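Here chain A shows up in two complexes: once beside chain B, once beside chain C.
Entry: the complex of A and B
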């Protein structure tokens, strides 16, 4: 039975349903804690993302200097107590800029990913449901997939830069480019799920009982097909951060002096050649650790999605006095 | 015969896809604000000369006609002219595409040399350092920005240790680049020019290391998961029960894991033609990706479209070759 129906269908009493729901969420929580305890790496992933987000929110409180004020009297200072990560070629404090950067990188990556997921999931479910049906809707569904083929045949990075060039360089257009190149992934994930689900008995039953296509897609296809797409979100955010930083690195994304990891690495590039490593190394390190955190969360979701490994862990997480008859 | 028909069918399917790629690229370029004629002639141009150039370029015709003109020119091998280099795009790409290909090919070979052995070892051993390394390598490599890793390598091996020569370009600027093949390493070998060979290897080491280290991740992961599945499968169990030595069981498992490794390699190969562009930029490699990015940044769009078409064609050739490779390594497909 599709989860969306669980509450409205004939449960013995609403009270019992609520209690079992609470028991289930309690079990999920205990199971999650068990997962983090047995796999400290995953816990580190969640910790990294929480810390980076907290630092981004509280950046003005943490940063010792202004992230965009150049003080030429202290340019290219190595790391010291007043400048923990040193200063860059224009005398800006690298530490403060690294702290402020996730405000740009994280926000662009998250908004971009969410937009692409919403569009890709909606159209993917719709396209999978109408795949190879006759009439204009089937035709539209197929054309949509061919369009996705073409988009994916483009080299991602060049395509993203071209998109930014077309709509003009700004943070909004970087978000647009990130969202656009990611849509086909969700489209495919969702469509392949929808293709198998639409053959299920409960979908047929819904159709026979006279539900409209739109309601079937919303009530049955969407909730049952969405898991793989949601599981991809975390990895995708990390990947989008890399894309944003890459765009800014070549000068097609966020422009200096706005603190952003990719453009900071680019600004420090000439200094690295002459031996001053800090203006580039620290932002890159922050970037890599953040992406790594999102990748670890993605790996933990992948772990939980694997029924065999989940069962093994659930057995360990279940309360001990479970009588086995 | 069935095989030929299958491959022919695939080739036929590619034509509409190529047209689609050109169409999307064309629309993108048309969507860019700014008049190419004005850009080409500069701010001092008279309205008359701009109008004349617009007529010559076909810019005064409807967009659909312009697209057809572009397709017709493409069919004759005319990719237009780049106003940055003032050369035909095809001539530029003939020099730059092999540069990218040389970089990507060696990078991928290094990635294979790291990824496959580590993948096998971590599939076989459940504990120990190598197993741990195999498990975390993919995640770490996937999180590292390639342009940053390139900088770190430059810092360590050029700025501090001084083991490599200046990380700019494909060969020392004082040297005459070898002309045979598009690969400087291969070309200098064929010409017997040892100094050029040494210099080109010196320039290759760091970018290849960057690409190899990062792209070993997906190869390792694929090798590991497929090997694990194969070693747990019925045929491996049966071989063990029959008392075959573990080495032989491993070899058969590896043979069966090969197709999925070939798949990931082909995907990476196609991806890296455009995906190595940041590494190209860091090392001023002068490759095709860098050419395209500079084109976008300077509103010079013929190179961009030319590069996109080239790399799409290349991906298609790779996928086509991989289909043939499948036939060679997996006898089941032939039936």
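Entry: the complex of A and C
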């Protein structure tokens, strides 16, 4: 039963409600710890993302050098104590740039993904609810899906490059491109969920009881259809980081010398063949590890979304019954 | 026991060579084939020629092709290059003891003269010269070639225009093998233009046959085929893959050593490097400076780096504030760390640009150079210009030229020290030249070379306010008048004075941020000899032998 249908004959006292909430939190925590304990890979994923996020926040405190200042007295230096990841062709410290880069990559990917999720989820729920209805709302619902078809007909990367080329090269443009190409994913996910939920009896009951369409969508469709879209968020953030880096790699992303992994890989790429591998390899590793971290988190969410596996783990996480003496 | 270490670099290089090698035809191993291969030259180039009609195409592949397929009336004599002893170069210096002060040799023309008043150039053509279609060279071919320039809208009108030729009747056929050019005023470029790669002679008989009512100047034919009197003919042109050139046995100077030249498109410079390193190609064109330095250490590979007519600079758009103020432009020059750029980005394969015309050209002087890096002077100039707190601007650069981004970053860091903040704008290679020609960017990189080794030609191109290449929007009526007067006299002394003054004004007013003169660098197999440098910065396949 959906949460909106849950009811009880008597309202619980505030004290009981608090106790119940605490119990639920404790159980969720135990459940989460049990998940990480039984799946160390997922734990590694969370650890990676936490570390990368912490590094991004604390980069100005951690970075030994400016990430955007050329210093030709130390250009193309191999890794050393003063430059742990070496320096690039303009003498910029690769380590400092690598740890500053998530400030751009993560922020772009997260904002882009959240924007696409918010828009895609809202319109997907609305479109799914009004599917098969006649009149302008049904027409709009169908038109929305055809528009999504058109967007998805283009190769995502090429489409993103085209968008940045049209809007102009800036961080805001990359955010827009990332959001724009991701919207159809959430739109489809949400719409397919909404399509099945709108036929549920409790939705029909809400309609008969006189609730407006907006209230039904907000109170009954959205909460019950949103789980798959939320589960997709983490994987999508990782993918968006790759897209951001890819755009910068081909020169359509952020402006030089903004520290950004894709742009760093591109700048250092010509040096790999001449033996100076470090300007490209370290940002490449950082990018790979971060995306892997988000992929692992996505896998853990997928695990938790599977009722069978969730139940099995919940049983394991439940406190052992007290032995009767 | 083989003690050669397998390192990451060897694995990477090997993999790259294998991948690159797969782009080329399968190797052949018989002895007869080996002898044939000695007379085959394989060039790994960034791109195949897009068109064989130079009138509308100046891309790198095209100019290499034109040098092999067509001949000019005249050429410069060759001298050993001081910087690279195995290489030759054109002798473009002023020779007071030679006719017209030039070290010229006949090519398609065997005799030539300029009238005393400097307004008529007469040429007597070599007899018995055949085109690749078997037609004999006559004055009608030269006439048709120059008439074509006047009727098309490509390079022709400019090339004819610098001589003051605007009408067909200025080119007169005086006999089967005699032709004359009648220019309105004495013109020091009259003979030099006959050497210019942009002015080759076409086989008019063949071109007229291939012309149609819609295409009376045979542009469509010449885009894909050749009708000239050069050393080679093209046997295959598959754009994006390769062009194959075959030596002509009936070439009037004798069949070139290289029977076959395969011009292979290999877009990535790292792959071109690997191919040369692995011995799959004879020449790897247009590598990055660091790649050249890597190859210099490879046995069996030679690098020739010769001073060239190229220059790399930043256009300081004088129509944009604050670059309309010469003091700001001077400050931009004082802030540029050229020496460091030379040492790091160019690996020493360039020279500091200490003047506004190529330093290898006659009448060049660096006596007006004063922009060695000096941030204090730069700051003082900004204060003088009322920009004590600096300013903000945007520098656009070409994504297709890998040296421009590092230079831009280095310059950005240097300018920050004098309070100037520049945003770097990476422009895709395909649209970069649109950006340049529109002249709507405050700061933009430019790389170019004036092909005719003449101070008048070079300054006319870049500093005459009416020139289509005056991308910095530089206007100085005195400079315009001086350039014009220098192009209307053949007196060497007068020209020296005129162009010295032009250089003095331009260097003082600094419409460019002067960066470097990159050298022309050829990476080749060591057994490939005969490299000759031309101011048109192209290869001529007929120069090479083993």
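By our rule, the second predicted complex is superposed on the first by the 304 of 325 C-alpha atoms of A that agree within 3 Å, B and C clash if a C-alpha of one lies under 4 Å from a C-alpha of the other, contacts with A are read in each partner's own complex, and residues count from 1 in each chain.
The criterion applied here is as follows: contacts are C-beta pairs under 8 Å (C-beta built on N, C-alpha and C of every residue); 3 or more make two chains touch, one makes a residue touch a chain.
Small disclaimer: the values here were computed from a predicted structure and weren't measured.
In the superposed model, A:299 lies in contact with chain B only, and not with chain C.
Contacts of A:95 after superposition: neither chain B nor chain C is touched.
By the document's definition of touching, neither partner reaches A:85: not chain B, not chain C.
In the superposition on chain A, A:256 makes contact with chain C only, not with chain B.
Once the two complexes are overlaid on the shared chain, A:245 sits against chain B while remaining clear of chain C. Of the two partner chains placed around the shared chain by superposition, neither chain B nor chain C is touched by A:282. Looking at the shared chain after the overlay, A:272 reaches both chain B and chain C.
In the superposition on chain A, A:176 makes contact with neither chain B nor chain C. Here chain B and chain C are compared by how many residues of chain A each touches, and B touches more. In the superposed pair of complexes, A:154 makes contact with chain B only, with no contact to chain C.
Comparing the two interfaces of chain A, the one with chain B and the one with chain C have residues 165, 251, 272-275, 277 in common.
Put simply, chain A touches chain C in their complex at residues 68-72, 75-76, 89-92, 165, 169, 251, 255-257, 267, 270-277. Chain contact summary for the complex, chain B toward chain A: residues 16-17, 20-21, 23-25, 28, 31-33, 136, 139-140, 142-145, 147-148, 151-152, 154-155, 158-160, 167, 271, 273-275, 277-278, 281-282, 289, 292-293, 296-297, 299, 304, 307-308, 311-312, 315. By the touch criterion given at the top, residues 41, 146-147, 149-151, 153-159, 161-163, 165-166, 168, 238, 242, 245-246, 249-252, 262, 265, 268-269, 272-275, 277, 280-281, 284, 287-289, 291-292, 295-296, 299 of chain A touch chain B in their complex. Residues 8-9, 12-13, 16, 269-270, 273-274, 288, 290-291, 293-294, 337, 340-341, 343-345, 399, 402, 405-406, 408-410, 412-414, 416, 423-426, 428 of chain C touch chain A in their complex.
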